[in-house]
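Structures follow.
After this come two complexes, each holding subunit A, first together with subunit B and then together with subunit C.
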Partner chain A sequence: MSDFDITSDTMDGMGPHGTKVGLLRVLGPAHVWALGVGIVLVGEYMGWNFAVGKGGAYAALLACWFAGILYTCVAMIDSEVTSTVAAAGGQYTQAKHIIGPLMAFNVGLYLVFAYTMLEAANAITAGYLISEVARLTGGVVELDQRPFIVLVIMFLAWLNYRGVLATLTFNLVITAIAFSAILILFLSTSGILGAGETHHAELMAGQAALPYGWIGVLAAIHFGLWFYLGIEGTTQAAEEVRSPARALPFGTLAGIMTLLIAATLTWYICVGLIPWEYLGDGVNGSVAPLFDAARLSGTPALVWLLGIGTLFATLASANGCINDASRAWFAMGRDKYLPGWFGAVHPKYRTPYRSIIFLVPIALAFALKVPLDQVVTFSILSGLLEYTFMPLNVILFRRKWPMGVIKRGYEHPFHPIPAIALLCLCSVAYFAVFLGYGTQLVAMIVFYIVASLWFHFRRYRFVSRAAQFTMPWPRPKGY
Partner chain B sequence: MSRYVPPKQGRVGQFLDVAVLLAMTFGALYAPLYLGLAGSSKSVPAIGEATWESLGQNATQVAQYQALGLTDPAAAAPIILARYDYGFSWLALAVMFVVVIGYYVMMLRLSDREYRDVIAEKFDGSNGRTRR
Partner chain C sequence: MTFWGFMEYAAWALSAVFGLYIVTDWLRTDATYPEDVLTSSREGEIEAMTEEHRM
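Coming up: the complex of A and B.
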């Protein structure tokens, strides 16, 4: 039935023209874990604390667990679909095979925006951290953060340009260090090793616990997503892993478990050391809360460790975001959803180099010009639209190819409960976003509507029809 | 039973398509910022001379603020007193949900039309009912 092989070492075979120079299949499960956790772990180092500002300390914890359930559903659904549709572009390629081209085009844009904005947020944090270290080590003049922001993005783009194995091995090492730093900080401040440093009862007394009541809990969910946003990015490695059916579910599910632990520990450490008003103000207060918590511990070694952890987390996340955004952009170019020029693979390094380079100035434009909370919100909104697509996607996937019709790398349990739960959780998250950033949400959706019409009535004419469907599956049921 | 053969796009056309997409992207993301409609701002109530007591801070909270470098309560006051206003319009909420649902309905319907063409050409060799 099919004239291609997605596991071929010599042909990429996934695009309409199946080039001889494809992406390299060199990654294992640990790289998938490093990609997913690497992108997300920075959410523990910065950004999540806006949830404390939105609703108080307990609201942030409830938001953390609420978002944890949402992302567990995402990881389960993603593991099944991606282990079956194993191709670069991740959810974009899934949508192309399961729902249709216009949905795929939109999902591709969600991915690119979510990751590019997250990359910009990471660069802002890295710049802030370097200036803060300069101040703490005796600098008398405030350091200009902009050169460091540019340097971070340019260096990581260069690393991505040079090859995926080095890029994600680098991510694996720095992500492991950043995660270990959280564990060490928890052990050191919680009283498990040495005297306890935390003051939960005193810092969460009175109004500090739930200053806005239950509406604050709902509002906090907006930034609760930040604890885990990006774990779904593991799917972008699908065309570069040696064994998609094993590596993708293993890496993704191990990743969400790691993040659930890291998120809860982060909350516990930070609210036990930092007053909630300061913690919740991520612009004028605590930009890097774990780093601030280490400062409050009074142990210089912890300050250095968490400083390094914060820097590594931002670098790992930005690195993974460049990897993922470029794969999504590349996959759309390869299918001609975008100009085919972007669908090129570097003849030597086997990376989507044109897409990597093209997205650099866009990330810089936002990192240098837009405040952190706005950049974070842009990323969250794109992610939320993507999570709304996922339950629709898996329901249609199971309906069009019922169990047993095609071979699945992983079958997620209790279907359709995770899909329905995810849809309900997304509705609550929309309300949370509405409470603070409804205008941006509507502006973004208006953009997607205009972009959809542009794609349907203009761009789609350049796309081959049958060549988009590259999986060796039988005809979908009902079509 | 004909297959759809897409036209070849020239370099200028490719460049224009990217420019249009970028213009839409920056417009959607920057417009709320420049129009001052982005984000929920906090309001800070006016107070007289700020003291740690008037800011409602206990001894532990004061000690942590001082350890963070905020030794002057007046400097900490804007951070401590700032609050969000969660009042909202039900009409605005309804409009938001209508926009979100309408967007997905539109996208699913148009996607399904395109998808049927893809499946028809893939499995039957024809390009279905919608031809461009």
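Coming up: the complex of A and C.
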């Protein structure tokens, strides 16, 4: 044990490796929960309902639970590895320590692209929501969405720039409101409080049950991922939590439990109130299904609550994405996988300020120039590649540092079953994605292959070979 | 000018204010502190100080 207090105001985030300015350790489990659930919850408010269009209501439920198992494996594996490799960068840092530099570079890119694209998609959605408010209030027929898209990105970038505690406390408040809105809508429409308004038997009878058979279930899996996409983002808070061994597993596992509840309730409410043909068309039909469900309930208070919930979920997701993308970019810069200039920490706000600034124009360009469906698809595919890396990662982690060799904040049960299950589920998800977005999948893999070649031949010579490994771990088994 | 027309201009103006704040502070910070201080962060500090990873 060290002889000085690292949690003191003067020494927090600084240490024996020569660190003069480090990220601030101020977060608790609730912030970790808010980061993970905040990124994801927008997927409950919109997007998941394309699964209904692909295969009907039951297919969407099966996709919801299939993806739920996949992400439960992700959350358990992440909780174990990140509570041990507690550094900014999350899965990038895990890959660096456990597999090697080329995998680390790729995983870092998956993370940055997945979160920056999702941030852009959220900003587009926020602009759309504000234009809908303008239209519904009779203000204007066609509002220019661009200033609102830009404002969302600039405001959240400013918040992230100013400090992680305010950023994630903001996320905690708006995510809690958005989640509570789902619970209140469920209690109000299901018959638990007052008369029930759902009509599951009528809306899910006959053709509506499984309109395209089991192939529809397979096609629905792609959009089932929406219910949970981003929960793995909790790992990016690893270097800013007060107690990584406690806060990361606690926040991540509480987050996936919250999402499993929110996803199932969302499905139950929406398929019980909205005909599947309308619910499944997320472009010309139900763009925001929970909001539409509230409108069908006929209660003005619920309409307002779910409208606010939709906007808050969108903001929370964009906010968490800026936080996570900047940490991954920062960690790569710090290890010289990217120019070391990005590895700077703001001496007053203690945030990776250059990484935050650098990613702002990229997010703006995608938000203003690229169609929403392309942005979202690129984000999902990058996420899927990242999940495929995780089983390999945890198997090697357990092999190189067996139980009892290093302290783990959390030990996930039944190893290697979750890893094998995750690998199998990812394979099925790839096939499902290939059915609908084969061209994008191939294009993205080609992009990452080209990026890998660039890293191997041009960038690797600059990487801090030894200095990047500062964890006081024993030598891995077999080395 | 309609309410929503005003809101569009307000959104552009607020975006510019946030952007200006960030860029000004960035340039001032870079000019005030030496590069080796700003990029001195290293991972694993808390582990190095509190744990030796011996069971």
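FYI, the second predicted complex is superposed on the first by the 459 of 479 C-alpha atoms of A that agree within 3 Å, B and C clash if a C-alpha of one lies under 4 Å from a C-alpha of the other, contacts with A are read in each partner's own complex, and residues count from 1 in each chain.
In the analysis below, a residue touches a chain if its C-beta (ideal position, glycine included) is under 8 Å from a C-beta of that chain, and two chains touch if they have at least 3 such contacts.
Predicted model, so just to flag it, every value in this text is computed and none were measured.
Chemist: A:A86 in the overlay: touching subunit B, subunit C, both, or neither? Say first, second, both or neither.
Modeler: second
Chemist: Mind working out whether A:F366 is in touch with subunit B, subunit C, both or neither, as first, second, both or neither?
Modeler: A:F366: touches subunit B, not subunit C.
Chemist: Just subunit B (first), just subunit C (second), both, or neither: which does A:Q440 touch?
Modeler: A:Q440 sits against subunit B, while subunit C stays out of touch.
Chemist: Name the contact category of A:P300: first (subunit B only), second (subunit C only), both, or neither.
Modeler: neither
Chemist: Of the two partner chains, subunit B (first) and subunit C (second), which one does A:G216 touch, if any: first, second, both, or neither?
Modeler: After superposing on A, A:G216 lies in contact with subunit B but is clear of subunit C.
Chemist: Have a look at where A:G191 lands relative to subunit B and subunit C in the superposition and call it first, second, both or neither.
Modeler: Touch status of A:G191: no partner.
Chemist: Which partner does A:P402 reach: the first (subunit B), the second (subunit C), both, or neither?
Modeler: After superposing on A, A:P402 lies clear of both subunit B and subunit C.
Chemist: Between subunit B and subunit C, point out the one touching more subunit A residues.
Modeler: After superposition, B is the partner touching more of subunit A.
Chemist: Between subunit B and subunit C, which residues of subunit A are contacted by each of them?
Modeler: Comparing the two interfaces on subunit A, one with subunit B and one with subunit C, the shared residues are 340-341, 468.
Chemist: Which residues of subunit A touch subunit B in the complex?
Modeler: By the definition above, subunit A touches subunit B via 53-54, 99-104, 106, 113, 199, 202-203, 205-207, 211-212, 215-216, 219, 273-275, 277-278, 281, 284-285, 292, 295-296, 298, 336, 338-341, 362, 365-366, 370, 373-374, 377-378, 388, 392, 430-431, 434-452, 454, 456, 458-466, 468-469, 475-476, 479.
Chemist: Per the contact definition, I'd like the list of subunit B residues that touch subunit A in the complex.
Modeler: So the residues of subunit B in touch with subunit A come to 3-7, 9, 11, 13-15, 17-18, 20-22, 24-29, 31-33, 37-40, 56-61, 64-65, 67-68, 70, 76, 78-80, 82-84, 86, 88, 92-93, 95-97, 99-100, 103-104, 106-108, 110-119, 121-123, 127-128, 132.
Chemist: So in the complex, the part of subunit C that touches subunit A is made up of which residues?
Modeler: 2-5, 7-9, 11-12, 14-15, 18-19, 21-23, 25-26, 29, 33, 35-55
Chemist: For subunit A, which residues are in contact with subunit C within the complex?
Modeler: That would be residues 1-2, 4, 6, 13-23, 25, 86-89, 93, 134, 139-140, 143-144, 147-148, 150-151, 154-155, 157-158, 161, 239, 244, 331, 334, 340-341, 343-348, 353-354, 357, 360, 404-407, 467-468, 470-474 of subunit A.
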